[in-house]
Structures are given as C-alpha cells and as structure tokens.
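Have a look at the structure that comes next, please.
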C-alpha cells in the first residue's frame, strides 16, 4: 500500500493561470496574498497582454500585472497563446501549459472556471489547464520530454464574476478576512489602474467576497471550485460547514 | 471581527444518526473507526430497532447494534420515533433530534443522504437531522429550553448504497485504507449477523469503498456528502484532489 | 380563441407570504416598496409570530412586522399555522392559504423559495403556497366553497440568503436602485430592531442586492425565481438580459 | 447612477442567426412574423447554403431562404463560415459575427440553442453567437475597429426540435396565437419546399408550438431560452406565469 | 449465481395508480391499451373520486373511470386515502399501497411523476407508490403480514402534462402508433365526459404523444420515466435510440 | 405510417470506438464478448497507437489491441486522427468517422463518454462520434459521397472510470455475469500487458462492474449511457429496474 499524501507538500508553489493581465488578481488575489504571507511560493502565468480590452495599452497592462503580482508576493510570466479574445482550445496549447506545469511543479493550481457564458477566453483557458493537468502526467508526450512527469495536487477554479461561478460545483470558501490580506488584495486590484478607473471592479469583488463571507460566517471569503473530489486523511481535516444567517 | 473557527474543536464528539440498527456501520463505519482510534469520541443515535426488516428480531438487532458500536469505539443510544418503515417528517421529531444535538454537542454530524429513491426511512431521517441542526441553534424553541443552543460544525451525509449517493453533491473522500481501520469496519458490519448472513452486504460496502479508493488513489475510501459549503482558513487545508487512473 | 392576458391586471394586489415576522421585508422588501410607490396594493400574510427565534418576544415581533409593512405601504395579517419552527406540510394548511388567495385575489404572489437547506419553516411555507395556488383554482374543494375560484397571475419565490436562492431556476432581476426605494427598504428592515440589533442582517441583504445589481448593470436588484415559465405577448415585453462585467 | 434601460429601444432591429437556410423559419419564424407585423425591423444572417443536406441544391435553398425571410418581413444576408456540416468553433468566426452585430446593432438576438445532441452546426453557431455578443462590446479587438462597440440587449436561444430545447434553462413562452401570425409562419416554412416535401417539418413545428401553447394557456407559443438573467424595472413587466391544465 | 430475470414474467399484470378518476387514462392510457391488446392483464387503483374538481360529481366520475378502464381492457378498484386535493405523504398510506402491491403482485407499475409543480395529489401519490414498492419487499412490516413479500419488476412514472415530465430523467418512449391503440386511448379519455367537455384535454394528450412520436420517428409515443436504472441481459434488448428530425 | 423498427436488425454489427489501444477493452469489453458469443459481429476502430502513454511502445500497443480484439471476437482497424493526447474536435475528423459508419453500417455504436474531466482524447472522440452519427445520415456531405447514407440504431457511451460516468444520464445496466463472459473480458484486458503490469486496471474495472452488478442484482454489469432516448415497441421490452440492497 502506497503512503497516502493527505496534505499538500509544503514546498510546492501555488500556480495561478489568467487569460488577461488582471484576471488572477480579481478572481483570487486574496487567496494568493494569504498563501504568500504564510510563506508559500506563488507564480502567475498570464496568457495575453489584454490587447483587445477597451481600456489600457498592452505594455501598460503588462506593467500593471507585474506590479499586481509583486503586491501579492508572486512571480509572474507571460505565455502567449492566440492573443486576447482569440484564444482557441487547441491540443498544442494544452501541451504548452502542461510544459509549464512540469517546469513549475505546483501543488495547487488555480484556473478560470469552465462556465461558458463569460469572456470567451476565460473558460477556454480553464479547459486548457484542465487538459494540461492530465497531459503533464503522461510519460510519452514527446513535446514534454524535456521535463519529468508531474502530478499536481489539486486544481481549483476561480470566478471573475458571480455569473462565472459554476452552478454545479459547490464552492469551498477560503476565509480571507484578515485586514492585511484584504488590504493586499485591494492594492493588487488597484494596481490595474487602466481597468479600475473605468468601472467599479474593486467594489464588485469586495461585494462578492463579502457575500461569500456572510455565507461562511466570516468577514470576507473567496469561493473556489474543485475540479475533482477532495481527499482527506480524516474527518478532522474537513474544516467546517458554512451556515448563513 | 470575530475569531475564525477554521478547524474542528478537538473535544467535540462525532455524532452519527441511523434509521436502523446497522445503517451507521454499513454507511460510514470505517470513518468512525478511524476517528475513535485517533482519540475522538463518537456517539450513535439509532432511530428504530429494525423491526420491519425481513431478518432478525428487534432485541437481536439492538444487541447487534450495541456490539457494532462497541467494535467501532462508539457509544450508542436508541431514540424511538415512528418505528421501522413508519418514519414521517414531523416537526416534533426534528425537535427531538435537536434536543439530542444540544445534549451531545457534536462537532461533525453524520446522517443518511437525502436521496429519495432508497429506504423510505433513510432520507426522512436525513431530512429530520438537517432540520434539527438548524433548530438546535434557535434560542426560543420552547421544547429545547432545557439545554443551551448549539451550532454543529459540519453536517455530512453518508450513503448506504451506490444508488443513495447524491448526484448533485460532489463527495469528499475520506481515506480509510489503514488495515486496522478496514478490519475494525468489517468486524462492526459482521456484528450484524442477522443481516449479513442473508445477503452480501459486507462485500457490497467493501466494493464501494474500493471503487471510491481507486478514484482517490488510495486503497479504500468512504464518500461523504457535505450538506453545506466547506470553509477553510487557507488553501493548504484543502487536502488534495482525487484523480482516477 | 380566448383573449390573451399578457400583462398583469392593474387592480390585482401583490400578495407576499412570510413564515416569520421579518421574512418578507428581508427577502423582497425593496420590490414591495417599488410596487406600492407605483400605486399597486400589497398585502402581507405572516404565518407565525417568530416565537422560536433567539431574539424578541412575540408581541414585539408582531409590532415590528406591522411597522415594517406600513413602511412598505402594505397591509398585513397573521395566519397561524403550526407556530414558529413547527410548520408542517399539511393539506389543511394549503387549503387555508388557498382561502387567503381566494379572498385577497392577488395577481403576483411572493413566497419563500423551496430550497430545503434553510430555515425549516421557509421552504415548507413555499411548498404550501405553491399547492395553495393550485387548490384556489379547483371548483370542488369544499372548505373553499365560500369564495369563487381564483387563478393567480404569477408565483415568484424570494430568498432570504444567498444559500436559499434556487440553483436550478435562473432568477429574474428586479431593478430597485432608486434611492427612495432603497431607503424605504432599509427602513422596513430596521423596523425589526429585535433582530437587526443582534446581527448584520441589513448589511447582508444590501450586499446581496448590490451583487445582483452588479450582474444586471444597475445599482441594486432583487432576484426573484419564477415557479412557472413566463408568458409574454411579444419579444418586446422581455426586458433585457443581465450582463456582468 | 446611470439611467436604467428597462425596455428595449424601439428602433433596434431583431437579428436572427441560422446555420442553414431554413433554421430560422422553423425555429422561431412565428416570433419574427409577430415582431415585423408590429413594426420592428428583423434581419436574418444565414451561415451556409445547406449544401450538405439530403434535399435541395444550394441555389434553390438560397432562393427559398430569401422568400422565407420576405414572407416574415425580414431582410437576409449570407455569411459563409466553414460550410454546411463543416462548422467549427473558431475565434475568427466569432469575430466575424461580432462584426455583424456591430454593423446591424440589434436589440434582441436569436441564435440556435447550445444543446450538443443536435445537428453539429446548430450548437456551434449558438456558441459562436454567444461569444460574438461579448466580443462586440470589447473596444480593442483590432478586426472590429471599423465599427463602434455595441452591446446587444438580449440573447435568446431557439430550438429546432423538442430535443434541442435546453433542459437547464426554463423557457419564456411567446404567444404567437393570432391567426395572421400563424399563417405567416406556416407560409414561411412552406417556402422551403425542398425540405417540406420530404418530411413533416411543418407539422412538427406546429405540434411543438401547440404544446407550448397548451402549457401557457394560449393557442400557439414559441419557447425561447434566455442566455442571461432577465432584468425588469418592476414586477409588472414580468408577464404572467404558465399554468398547464 | 442466481438466475437473471431479464425479461418481465408474462403472467404478471401491469398495475397503474391514479390520484383522480381520469389520471391514468390521460397519462398512460395508450400504453395500457397496447398491453391489454397483447394479452397482458392490467389493473387500475384510483385514490379519490375526483370530488374536488371543478366539473363532475363523484358518482359520475367513478362511473366514467369504470368505463374508461373497461375500454382499455383493465380492471379497476378505488382506494380511498385522504380524498381529492387532501392527499398527504403518510407512512400509513404507503403501507396501504404496499398491501395492494402484495395482493396484485404486478410486474410493471405505473405512477404519477414526482415533479412537485403539478396537482398536489399527483406527486404525493407518486412518492407513496415509490415508498410502497420498497415496503412491499420488507418481510417484517406487521400491517402487511397477510400477504407474502413482493418485489415489482419496474416502476415507471407517467406525466399528465408536459410540465409534469421530469427534467432529470430521460424518458423511454413507447410506440403506441397503431390506429386501434390510438382509437382505444381516445375512447377511454372521452369516457371522462365531465372533464373533456370542459377543456381540450384529449387534444392536449394527442399533441404531446405526437411530439414524443416525432422525436422517436413514430406516429405517437408515450413518454415514461423509469424510477430506477434499467437492466438488460444483452445489448440487443435495448430497443433503439430516438432521433428527431 | 411507416413500419416501426423496434428491435435491432440481426445482421448489423456492433461498432466500438476507442481513443487508445486499450480503451474499448477496459470500458466495455464484457459487453462486446457477450455480443460476439451470441453471434453478432463486432468491429473496433482505434484512433491512436497510444504513443503518448507512460508505458508501452506504439507497435507493442497495436499488437496488444489486435490480440484484445481477437479475444473478444471482434475485428479491428486503426484510424489515425491527430495522435495520442493531440486529438482535437475538427469537422474533418467527424466526417472521417462518418465515413467509417457508412462503410461498417452498424446498429449499436459504442463511444467514450462526453464527461470532460477525463483523458482529453476520450470526450473529444465521444463528441466526434456523436457528430459523425448525424453526418452519416445527411445526403449532401460531399466527402461521404462514396457510400450511401446510414442511420445507426443506437449510440451508447461507455466510461473508462467511475469519474467518466455521466452524472446526468442514468445508465442502462447490461448483465455480463456469465463466467465465460467475465473470463473473456479479463483475458482481453490482460492482453494489454504493457498497461496492466503498471497499475491495477483490471481490478478497477472488475470492481466497478461488481458495484454496478450489485445495483442491478446480478454478479457483474456494465453501465452504458444512451445518447438519445430509447424507443420500445411495448412495455414488455423494457427489461426490469435495478434495485440495490
């Protein structure tokens, strides 16, 4: 009988994928801040420079993303696939992202949710990451021969809006109520000044986190959606249940 | 800001409800064995004496249940509601069970799943426990005035068969692969000799636990179904994801 | 071919049912305020005096409900069924509520959602109202012989919390952003001082309305869940679609 | 606070997309007839010439589509993507259709449903239109730079058969019972003589509309499926609920 | 290894339950006609005399039901539970119906669907039959001691309207296109003259059967909804798949 | 009225599609063995040589597949699409597979399930087969002009793991309990020695078949998932219902 891996290896970094320069910060920045403040490494992979958005030039948006990642304590890289608003679900992209997984060797991976009624790039990137997490484990994919196979510990989806939250996966709620975490998250969102000057994005995310917090009896919470069933080594690892008012 | 309760209080017992004398052992006995071997208290509440079953007399079944609980390291009591195969969803029953919750003051509560296409008593008991978990918190229920209000930490449903597993709640898998845990579970199931002599119940449960184990990359696992969203204080508490072959 | 009733008759009142004295105000008070300010009559039927709650004595809660209804421009009556936290789904109750429907003769009816994982009285009242709306139409129910049969125009469910919003019915969003509407709603919620002094209920509802508003590109919106398909006489009656950020 | 757009702008045309020359007529022709008879402009975009069908040559089918559109009071254009039975979900196609949206600037948009178990072109076109509706709003998509950004008011899916009706979106029913509307619809379907001579398509659509009508207590109704939540400025805009027998 | 029962025993009758005198005829009369014409026995159990309906006196409706059953070749009995529009889900009722199952010893059982948004008696009767099918198998239910235990072969739900068809169970379609079957079905529905004179019930059922037939490439079909998974002894027993146009 | 095809034509072969050399054997080998032993022809189409897997060289895996098919009494061919772990959903592939359908002219077709959270090639092949089954019927697809159109009788999905079983389609269970069938199935799985030496695949499949058997009251069963509704010419063709313990 193999030994059971029931908690995440301490050394494995958290890896978050975003389709546009601000997606990670808005979708799960609070969770990242909390992990890095607890000493875990975090790395961001951003798959476009946001060049199809209404506001902000690509170089400006790249700089904002770099600053946002820094404020969250994360490193960042850009992996160009098809470009903003042009992303397609191609096997070659999944293999590219599987290569990233083999190189970074993360424990937890965060990706946009698969809900199709949102920005067309978001769910496609989620789909690609989901496929990549499998391909990273298969020993014979020739394009990936340069790195040893890697099995991630856990794939979680994040949502950029209430509408992007999957209806068929009950979320797990991560308590991000500590004031220094909320502050770091807000700062990272505000780093994307080209976006936040145009619309009330920061307010929207805090409202959503507040509502999830109310459901979980904490101040602020981020809802994450597990791609797979969760495995625990005992009942006592299960956290507690959310009970609203 | 209130302090966040993100792990279960060590002292709070696990409380499991069963509609018939053998339901807890068959549905989640391995998990109970694991908790009691780890030093947590467990208590069983059984709501009939199995008097409508095809096999076994009531007094025999009560004795089997007592022996099954003992083998799992749990205490046991019988709470008569409407009798085997006669259970109804009545407010008075929910209040009775809420009284049990206030008296026992559990952290984790286990109850039969709400899937309606199974033994008619099973989902009705699940429904009653679900309601009871709310009523136990409300300060003004006059029948409950004898005990202080109590909020449980977590309600999890167990299933007695594959068909009773809810289709709309992804399970959490609890690894119960340690040989001494499997042995204790089998012994507790076999304590119900009036039932196991008649049909292949033990084989059925082991087969199901093996299949859940295969999905979670462990030997044996029990699938439990959270009634509410799970709340964690950080990503690192989330366990890992199940990946089948 | 019968003439098609495609808009609601102007004279028919809105009728809202609540299980406890504050449920209507918290769940859909903004919508009520908007209707009464537009000249439509509204009537509340409250089915307990909140006597099982942790805070507030029954007579106090009745007075709060009367004041809340008045602030929303609605009339109110109390229909005692089984008492707070004791409600059961009985045919006699459905017939009692059908009698109310025949007497009040509403167009739109509002009732708590059928989601079972909330206060046990809430979904049971929703279930009873749903049944009552059918029974009010059947000519031969002898207990209802005193009033002519009545067919309501529309049954909509409201939710008291995020968790009570049905996952399987897409909501319709009602824009309640006008400042005087929001003010009236907040005042009506605050009329329930025995409850709002204890917990952050008003904040929770405004947060939820704000999030629904963000999804619908307005300031504040209430989500309502139609019990039946909606019928329109033309495409142009359909309102518009919600598009989040 | 921005002014709320709660009814559709009178001048904005209805835009319907079809994968094959007869799809719009069969799927939602009655609704189109009703809109154009009420003075609203309607435009059809047909994405193949039906060249892979069993019956009818491409030039014949184009002529039939032109006649069908004329009978419904709509204008029509053909946008070639990959050809009949060869359609793929490509970013370039979504951008092409977004260009159509920017040029036509519709209020309501109609597209085939996303149910995958139907003609392979149908759901793929629905998917493309869904994506196009988002891309049309984004300011930086370079291929779309020739037209100002445009936000449609509402995206509704239509179904060509009972099997293509989404199970997870409750339909809105549009009453199309007026005899002149039914006549116009039948005439437009019969304009596709290459198809209707072969199988009982017209009978099938009338049967389906009759069944939806029975559910909505009118003679004939078309079921449409909103892509997004509907937003209304008050309860009174909600139409009424369907109640079957 | 026990012998596998893979086809229904020829001698076992079909047993259909109806909440009101006309429910069976309208919901599944064509299927019954086909079975009895093929030589299988059919028996109806009707659980009220329709005394709460708008049209028809109880004695008239009983006579209509007797005539309807006769036209379908079925025997009939009346089992009074709580009366029309007063049905409740009580353990005693389930046991009463289990007694019927033990006495009649059917193979296939037909009952109203569990969809809750229909006549309140319909789904409650479906729920009771579902429970009764289990209780009939349990050897120790004292009220049932007079008959030997009985396991039915198959429980199928029927729907009285399109709205009562379960969304979460794919139907099996039974081809009832033979002209003599359709005629017998229509005659049996028209036997309920107190109802059919008032509204277009017969037309509604034929329209629904026609639409299901179109989906299954036959003239008329009845949709039935299995309560449990179907078991076949080989692929060749599976019938064929429905393909719409 | 056309004659109704209610049983499968005896001469039509079963056609099974697999993405990798061992998929058919592991997913539905027992069913195949049973069909061929009953005298029906079976043919396998395998769409890669498994070259991206961790274990086994392509030529070895091709040989294993040939031996597995032979042990099951089936013929086999390889159709190269994009290669192992590189499969994309392309119209050209669907047309290629439609050509196979026209050439082989099967009755029942078996394909991998559409659940997306499994090997990326599996659900894509299922999607392609689903589309191909439609395209095979359309008379005007020019690439298919060499064969007459063909309508299959039934498309069933198989699953390689518990996780790949669709949650939204109730399975039909095929009893494969006969010892010679189980033996043939195990032998065919073990023919893939490059895979089975590495992990406990055979044990996993037998465990799953045993659990499905327990639900269906037989020793071993394979769960298959119909793509379309099933059509039967009478109730007596329906098999029986599965009832677990």
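Just so it is clear, A, B, C, D, E and F label the chains in written order, and each chain counts residues from 1 on its own.
Keep this in mind: a residue touches a chain if its C-beta (ideal position, glycine included) is under 8 Å from a C-beta of that chain, and two chains touch if they have at least 3 such contacts.
Fair warning: this is a prediction, and the values are worked out from it, not measured in the lab.
Enquirer: Moving only between chains that touch, what is the shortest number of steps from chain A to chain E?
Expert: 2
Enquirer: Which one of A-F, B-F or E-F makes the same contacts as C-E, at least in over half of the residue pairs?
Expert: Over half of the C-E contact pairs recur in A-F.
Enquirer: Same residues or different residues: which describes how chain A and chain F meet, taking over half shared numbers as same?
Expert: different
Enquirer: Taking CA centroids for every chain, report which one is farthest away from chain B.
Expert: D
Enquirer: List the centre-to-centre spacing of chain A and chain C in whole Å, with centres computed as mean CA coordinates.
Expert: Each chain's C-alpha centroid was found; their separation is 38 Å.
Enquirer: Roughly how far is chain A from chain D, going centre to centre by Cα mean, in whole Å?
Expert: 36
Enquirer: In chain A, which residues are in touch with two or more of the other chains?
Expert: Correct list: 118, 163, 168, 215, 227-228, 242.
Enquirer: Dump the list of chain pairs that touch, please.
Expert: A-B, A-C, A-D, A-F, B-C, B-E, B-F, C-D, C-E, D-E, D-F, E-F
Enquirer: Inside the complex, what are the residues of chain F that reach chain A?
Expert: On the chain F side, the touching residues are 50-55, 82, 84-88, 116-120, 163.
Enquirer: Flag every residue of chain F that touches chain D in the complex, lowest number first.
Expert: So the residues of chain F touching chain D come out as 89-92, 94-95, 114, 127, 130-131, 134-135, 137-142, 149, 227-228.
Enquirer: Spell out the residues on chain A that touch chain C in their complex, using ranges where they run on.
Expert: Result: residues 118, 160-164, 167-168, 199-201, 204, 207-208, 210-212, 214-215, 242, 244-245 of chain A touch chain C.
Enquirer: So in the complex, which bits of chain C are touching chain D?
Expert: It comes out as residues 1-2, 4-8, 14, 31, 34-35, 38, 40, 108, 151-156, 168-175, 177, 179, 215-219, 221, 223, 226-243.
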